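Structures for review follow.
Shared chain: chain A. Partners: chain B in the first complex, chain C in the second.
Right after this comes the complex of A and B.
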């Protein structure tokens, strides 16, 4: 059981930051930007490239994240704002196309092999009988810290209030004196930064390869949709649910069902679990679990 | 305070909705804009507010040309408050957060003073400060949207159909609140209304629009007293 909880939490940490970034930007721009998962990969690769140039790892990751935030803003201004004027569906296709272009760029720039940050690897220790590495604990803690910082920004600062106001009703926000274009630009920047940090955390726990973005796309989307697309912290819950489903399906003994002692599904079945769950939830809560606004007329 | 001169405006590439409208509104004056559906009332208010750029003509506030100044800058720099017709509260924010959003740009002490004053002025909000705006009734939302516009102490208040969707009881309360704001704070208020009788009951002057033009401009009490006017525009009977 403890192993299951740890596995679920670490997998949720893999998904949470990128899912939060996806949901946050959706809440303002109203289209799911597929390219966000590739921004995570850019963050990891650029962080590694900076480290290889002699930049210490912490500034390398921070610089890479800020750079990705800037790139996200440029893509938003140059590509997505224009496509959104036509139709959100066209913007979605555009983000898919950008995602593929970025993936090809990674292959060209970094090659097909998986790459790792240069960090000292300490032997795993046992916590409550479960093997965990120092890097898992560190990146898991950092992920939680980033999520808390984002929550404080969103719910405890005037800027966060403006962000929530623009996401709720941009026309009214403008009528209240909020510069909606500035707030939207800032959220796009932050989504890039958070996605890049998510990619860097993933790379620190293991490695990064050019197909990491593609592999992350479906579970990240599932997490964001389960949490109620546009609800940033619903996405964290969605990430935990998806992680739990993926962990469960690969750890459950299906032997008794098929009349054998032990039958376990291989890890490649994990996405099937998350999507079965996604379909089941959407049948009953089409707008996700956390969309429950009370309305009175 | 507000001078709109020969305004022409419309949406996208469509035809002009406003066909040369001129309007003035001064300090401590409540001006109402009336007329049938589709005559351009809300478009006029949106053009004055800055949601729509006039195709020709201009808008001055405090003597300055603000024809192309967007709404968020008018609110921040020209002391304008705007209350839209529908969706006029941030549903996912609490009552307190809605109000504090309106106070952006004010220092902490002023915000606290204005916040407390509004709570005293509108007790219906005071008991629901921590509740989400989505849980308020239609009338309470209207009061909240007024209070949010007022917290920044605007000199000009633009109201788009404040009675929309209100029960008769709440309607009186909202109109009394609007008249009270004019009387106590000396504000310049421009109010678009469908509910002509109620609006004329509190307004000083009225503009009646027809097909994007000013059909009648008269003191509110004269319009109320004129039977022909009542029959033509307000749904009354000709004596």
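Right after this comes the complex of A and C.
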């Protein structure tokens, strides 16, 4: 049981940052940006490249995240703003196309093999009978810290108030003097930064390969949609639910049912669990578990 | 006079284009370009050394042996096109090929359909067994390697093991065959975990394996997968129990030394006890063996020459029955005895027990 809780929490940490970034940006520009999962991969790869150039790991990750934030703004201005004028569905397809282009770019730039940060690896220690590695604790803690920082920004600062105002009613916000373009630009930048940090945390716990983005797409979307797209902190809850479903599927021993000692479902079935759960929830709550602010316009 | 010159010119062109009628010609389809080009080149070296040895000793049927090489480019269709050319244009007695199972199988199927003898010098997938009646393997397939591994694991006193293998034709073959041999020898496989290759973490699979409390972990993995799996096994503390790798050279270079302390395993052996071939190779190419496969290509060529000699001609049906006869009798090459089972597959081949020392692999008995 303790193992189950730990596995769920660490998996949720994998998903949460990218899902929050996805939801935050949706709340302002009303289309789910598929390419966000690839921004996470860019963050991890650029961080690794910087580290290989001799930059210490902390500044390497921070620099990479800021860079990805900038890239997110450029893509938003050059591609998505134009496509959005046509139709959000076209912007969605555009982001899928961009995601594929980025993936092909990674293949050229970094090759097909999985890559790691060069960090000291130590054997796990036992906590409550469960094996936990230093890196898991460190990156898990950082993930929580980043989420708290984002929450404080959103709910405790004038800028956060403007962000919430623009997401609830952009026209009214503009009329009361909020610079909506600046706020949107900032949120796009932040979404890139958070996604890149998410990718770097993932890379620190394991490794990153060019198809990580594609592999993360479904669970991250499921988490964001479950939490109610546009509700950034609903996405955290969504991530925990998806992580629990995935962990349940892979940790459950089906042996007794089929009359053997140990039978496990392949770990690659985990995305099927998240997808099934997503469909089930959407049947009953089409707008996600938490009704997002978007619907209260 | 002018006409005479034309005829002479035409015949001389023809004479250079076609091999001398008297030569005994066989074909080889190898990956001389593409991702497996190094392996293909090593195979070619093995064949060249065998041809030199045969021709020095008087050739085949009193004539020099000639091998026509074709490049598969690591693409199945190119391999088949190459084989078609060898069969219909060059009229070869038999075809040797290829390197990876995914190409050897379609290549072999084409040759079987044409009734041309096919000798597989390298591919070990269990599916090779099903190619057809005129296809023969000069290497032991996965059933042979896993039997060796199962025996080795049991000899070390590990009765209950968890098996991890990649979820493709090769991995499934290894997992099934190992499980069958291990059970037959009295061991117990606690769980068989088929993982998807290319993942960014194998923590879930490792935890599944751990929960069955095995005496040891037996696994097979490609380069980067194996490196990551060993790192995560180390991080999770699973390396408190022994780890055993089937075909350990596939991932050894990709696994940092700190994560593989004490790792043992097995792989195919370059040669059996024969050191003369090793010396000949090093003298000819100025370096040590580039892969395990030159010796097998070398023996395949010797085997082919011997069967043509026995058949008394390059007539394909005669060559086929000579292969069956020699295969049943057994033929000794640098990789030891080549003896074929009822399906034309090699029954035994040398393997080596290896252990990790620092970063390198050393023999381990």
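Quick note on the criterion: the second predicted complex is superposed on the first by the 281 of 297 C-alpha atoms of A that agree within 3 Å, B and C clash if a C-alpha of one lies under 4 Å from a C-alpha of the other, contacts with A are read in each partner's own complex, and residues count from 1 in each chain.
Simple rule for what comes next: contacts are C-beta pairs under 8 Å (C-beta built on N, C-alpha and C of every residue); 3 or more make two chains touch, one makes a residue touch a chain.
No experiment lies behind these values; they were computed from the predicted model shown.
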(request) Mind working out whether A:267 is in touch with chain B, chain C, both or neither, as first, second, both or neither? (result) second
(request) Quick one: classify A:123 as touching chain B (first), chain C (second), both or neither. (result) second
(request) Examine A:208 and indicate which partner it touches, taking first as chain B and second as chain C; both and neither are also allowed. (result) second
(request) Have a look and say if chain B or chain C is in touch with more residues of chain A. (result) C
(message) Contacts for A:3 in the overlay, against chain B (first) and chain C (second): which applies, first, second, both or neither?
(response) second
(message) Contacts for A:162 in the overlay, against chain B (first) and chain C (second): which applies, first, second, both or neither?
(response) first
(request) Enumerate the contact residues on chain A facing chain B in the complex. (result) 158, 161-162, 164-165, 167-169, 171-180, 293-297
(request) Write out the stretch or stretches of chain B touching chain A in their complex. (result) 49, 51, 70-72, 75-76, 82-84, 87-93, 97, 100-102, 104-105, 132, 134-138, 148, 152, 165
(message) Per the contact definition, I'd like the list of chain A residues that touch chain C in the complex.
(response) 3, 7, 112-114, 116, 121-124, 126, 131, 133, 135, 202, 205-209, 211-212, 215, 250-251, 253, 261-264, 266-268, 270
(message) With touch defined as at the start, can you tell me which chain C residues reach chain A in the complex?
(response) 167, 190-191, 193-196, 198-205, 207-208, 211-212, 223-225, 228, 231-232, 234-237, 239, 254, 258-259
